[in-house]
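A, B, C, D and E label the chains in the order they appear, each numbered from 1.
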Amino acid sequence: MWQWFYKLGSPKYFYDMTSGLLPWLYTITFFLLIVGVVWGLMFAPPDYQMGDNYRIIYIHVPAASLALGAYAMMAAMAAMHLIWKIKMADIVAKVIAPVGGMFCAVALFTGSFWGKPTWGTYWIWDARITSTLILLFIYMGVAALRNAYDSTSAGAKAAAVLTLVGVVNLPIIRYSVDWWNTLHQSASNLSLRAVGANPPEIWIPAFFMGFALLGLFLIAIILRARNEILVREKRTLWVQDLLQNEIEQSREPSHHA
Amino acid sequence: MFSATNLFCERDERVLFTQLNFTISAGEVIQVQGANGSGKTSLLRILAGLNADFTGDISWQGQAVNRRRETFNAGLFYLGHSPAINKTLTPLQNLRWYCACHGFSDDTAIVLALADLGLAGYEHIPCHQMSAGQQRRVSLARLQLSVAPLWILDEPFTALDKQGVADLEQCIDTKVRQGGAVILTTHHALQLQCPVRVINLDELQGVGA
Amino acid sequence: MFSATNLFCERDERVLFTQLNFTISAGEVIQVQGANGSGKTSLLRILAGLNADFTGDISWQGQAVNRRRETFNAGLFYLGHSPAINKTLTPLQNLRWYCACHGFSDDTAIVLALADLGLAGYEHIPCHQMSAGQQRRVSLARLQLSVAPLWILDEPFTALDKQGVADLEQCIDTKVRQGGAVILTTHHALQLQCPVRVINLDELQGVGA
Amino acid sequence: MSRSRFSLGVTACLLAGLQRELLLAVRSPGNTINPLMFFVIAISLFPLGGGADTVFLSSIAPGVIWVTALLAVMLSMESLFRSDFEDGSLEQLLLSPQPLYFQILAKVFGHWLVTGLPLVLLSPLLGLLLALPAQAYLPLMLGLLLGTPTLNLIGAIGMALTVGLSRSGLLLAVLVLPLSIPVLVFGAGVVNAALNGLPMAGLLAVLGAMLALALSLAPLAIGAALRISVN
Amino acid sequence: MSRSRFSLGVTACLLAGLQRELLLAVRSPGNTINPLMFFVIAISLFPLGGGADTVFLSSIAPGVIWVTALLAVMLSMESLFRSDFEDGSLEQLLLSPQPLYFQILAKVFGHWLVTGLPLVLLSPLLGLLLALPAQAYLPLMLGLLLGTPTLNLIGAIGMALTVGLSRSGLLLAVLVLPLSIPVLVFGAGVVNAALNGLPMAGLLAVLGAMLALALSLAPLAIGAALRISVN
């Protein structure tokens, strides 16, 4: 276990391993996505209250939960980077920030476009919505801090410290915002309803879509991480060999032609 | 070409210099000397027009400087304690802006000047990634770009290594030979080929105190 | 007393030094030499523990420095490019804080040290009212207050006039005679009485590149 | 010297100044993005501190948006002359033979392009967050379009005065906020007028007049202040 | 060396650090007064931008006062490590043999004494300006008393992370404002509870708990961040 862990910490190992992994991931994600989309849009029955509007749930809910999960992952990577100085952990932490932020933004946008037909407004200051917005701010802060540094290593460490501070603070924010909303009792009592209350025809495609979005998330992370690895390790032998091969391969067809 | 009459400056009750008179003509070098805190920087900033806390007259080509600031500025090159180099920008970008401020644009000249100072290949590297001496060199590249007849240099040799010092001394020599005038301060022993006139503020201070 | 093994540092794809090894014992002086941008400042900051972007081991009295940072700090005096002088405060207030950080308080010693550096009468003047060289001197007064056995000085002679340079050289000599160890960089020709060992980064770089 | 040189006029020098500002904005994008993020974050603090009910929010919206825009603009000014002062570029600017008035205008305009304009464009979104009725979006944007350059010019005066002080802290804000109250009053007035169906052309004209006044006078004040600061 | 020396412990070192902060505050009083003036001026912008009617003002008062206090504290942080970083004192702090944790606490506490405490004392006056009913003054002050040190500690983390950046712009605010929302929510909550006659001891206890957490963890983050910044 530990050995594997350390191996994974080496960018080269990560690169090689993901080269094998990616095709599988593409296939599975594609399959899940097709099933989820077709089932969700064509076969799942309309909701008795919201009609077809509810179908946005298939993007909205997984995006929202992934946005949260991504932060946890980013924090774990940040800790690993600070404590054990694992390079790979920083690379992953770096690429998660924009992707996690994207998912957060997707949750917010889908949510507000859902809000228009259901609540009659694009935006309300509901506890959950507000804390999603704050999470987006924190993602943007982490990315902004890293970009503000000219030196890669200093920027990485600074972003890691901020991410960890955020970990302490996120539950507190969550709790305070919940509390804030219960005290103020927003104009119309619009709590988000639970998934469990719906019939299985509705939530089984949601299940597919959830895993499909997870797949998309992983693909995005891995592709970006591979890019980052190539940039950071561009002077090492293995990357140069790799690039050499790529160049040769791309030349070959033109030779034959 | 450039002359100062009856300059008097005091800072916080202490007279730095009084009745300071000098004239500098084409092809001359003046070195302002003095112990730490004797007022060299203050004098040079007054001459360049950056400090207005003084009495006396400064004239450029026979005309009072404060009347025709822009003509004077066109003929002046000033290098202060701070290098005037934006650390986020690259040397090329920094020098381009400098050139535009002085009414010309000439990228080849900039690249040449940088190469002369041993910074070939650094044109596109942000200045914050350079060492103290390298940043200083970017600043000095402006000397080579400048066509101004009067140079005022405040401790230009700081942070330079031996090669850098020798190069800069040669650059000053060339300027003087071409008819420029240079006023500078430095704590290091100047080794110029041209003759150097010295203004010693420590002695003047004695007069003033 | 203090040794570095196998130090390696690179910045932006350029190896500054690699396999750098040295030991310094009581009564020794090491001068780090090199052209502008060769990595002198980087090396001194690594040794002082201000820069962590390197590989290799640094040990103090036989023990790895990063394990016992506070013991090491108690034995170290570091003077960097920036003077560590708050310009709003007076020299006395600045040095008082410095002393307290190092566990003692001794106003007479501070006043004496300032006087030694030619700043008698400046104790209560805010530092922003001083010239570049005077500020540097306030910073150097800490040398006289320091009991640390290891001094690391990055271009300590900048901005000093001739007298200041001579005084500082004498101060270093005294320290070494009393059993201190000094690592320094400077572009000026050192004139110490004690023998000086030289580490030339330009040569090392050749090895690394 | 025998190198070939192309002698340039004032315009080219201005363009170079503008280009430098834009380059700096690209090189350190934080200076553009951070004021925007500050704007958004500060606005979302109000519901959290006050209350989330829509009627309440839309009643405070014009004031809160304008006050926050004012703060964002003022605080973004901090980066206008600071680094130039610290590295000595400001001295060179003052010693340049080109007219200072236009050089300053170029700098401030460049700064507005990268901080003020995005803020104007983003403002409807914030109106949405604060439940501002849709008919007020356009007046809000028009007001900000005329108001933010004025605020930038006023802020630049304050910045020029304080740039020489090492620990200026919030001095800038303290100097400048009172001066920019007229802009705030008329700017928020435009939005309120739109909400209440009152005519707002007059108010916009006043904002325009203030901009014209600032354009003609502020650069002079800024130049004088800069000369004092480098002294 | 034969001079007589009095060996001092950690406490004396802390006192020296505290004394230095206070001296700096006395020498450049602007750093103390400007955040206060910012607080007052920013608050008085709201009646100008919104409307001056008493009911409206007192309804926005808790939120506005707390948000403005939050901004004032955050912006006052700018002076905490900046000058120490620039002149190299920060390097010396990190190289000092005394424990960093306490030295940082001393610095932040000193900063709070000269910026946060005056703000707490001034707050009733601003309540008065915004027509806040008198029974809310004490809760407002208590909340600020517990909340501002927490805000200072959170702000110091942000400042330590950004002090090495030359053109950091509003980055500090962007990093720190989202993190300090809990303090805002509970702080404004205390005032609102007082206005509605609800119990507020629990809320104050939460504010206290957040302060305790910040006191124990923030200096560690600040120390780590400072080490990164001088690198």
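Just so we're on the same page, contacts are C-beta pairs under 8 Å (C-beta built on N, C-alpha and C of every residue); 3 or more make two chains touch, one makes a residue touch a chain.
Since we're looking at a predicted model, the values are computed, not measured.
When each chain is reduced to the average of its Cα atoms, B sits farthest from chain E.
When the C-beta contacts at B-D and at A-B are tallied, the pair with the greater total is B-D. In this assembly, A is the chain whose CA centroid lies farthest from the centroid of chain C. Each chain gets one centre point, the mean of its Cα atoms, and the points for chain A and chain E are 34 Å apart. Averaged C-alpha coordinates put the centre of chain B at 44 Å from the centre of chain E.
Chain C and chain E, compared by their mean Cα positions, are separated by 35 Å. Touching of two or more other chains is recorded for residues 53, 81, 87-88 of chain C. Chain contacts: chain E has residues 24, 28, 83, 86, 165-168, 171, 174, 177-178, 181, 185, 192, 231 touching two or more partner chains.
Multi-chain contact residues of chain A (touching two or more other chains): 134, 137, 140-141, 144, 148, 153, 177, 180.
Residue ranges of chain A in contact with chain D, taken from their complex: 121-126, 130, 133-134, 137, 140-141, 144, 147-148, 177, 180-181, 184, 186-187.
Taken together, the chain C residues at the contact with chain B in this complex read 11-12, 34-39, 41, 81, 118, 125, 129-134, 136-137, 155, 158-165, 187-188. Residues 48-53, 70-71, 73-74, 76, 78, 80-89, 93, 96-98, 100-106, 108-109, 126, 147 of chain B are the ones touching chain D in the complex.
On the side of chain D, the complex with chain A involves touching residues 28-30, 33-34, 37, 40-41, 44, 47-48, 51-55, 57, 128-129, 131.
Chain B contributes residues 126, 128-129 to its touches with chain A in the complex.
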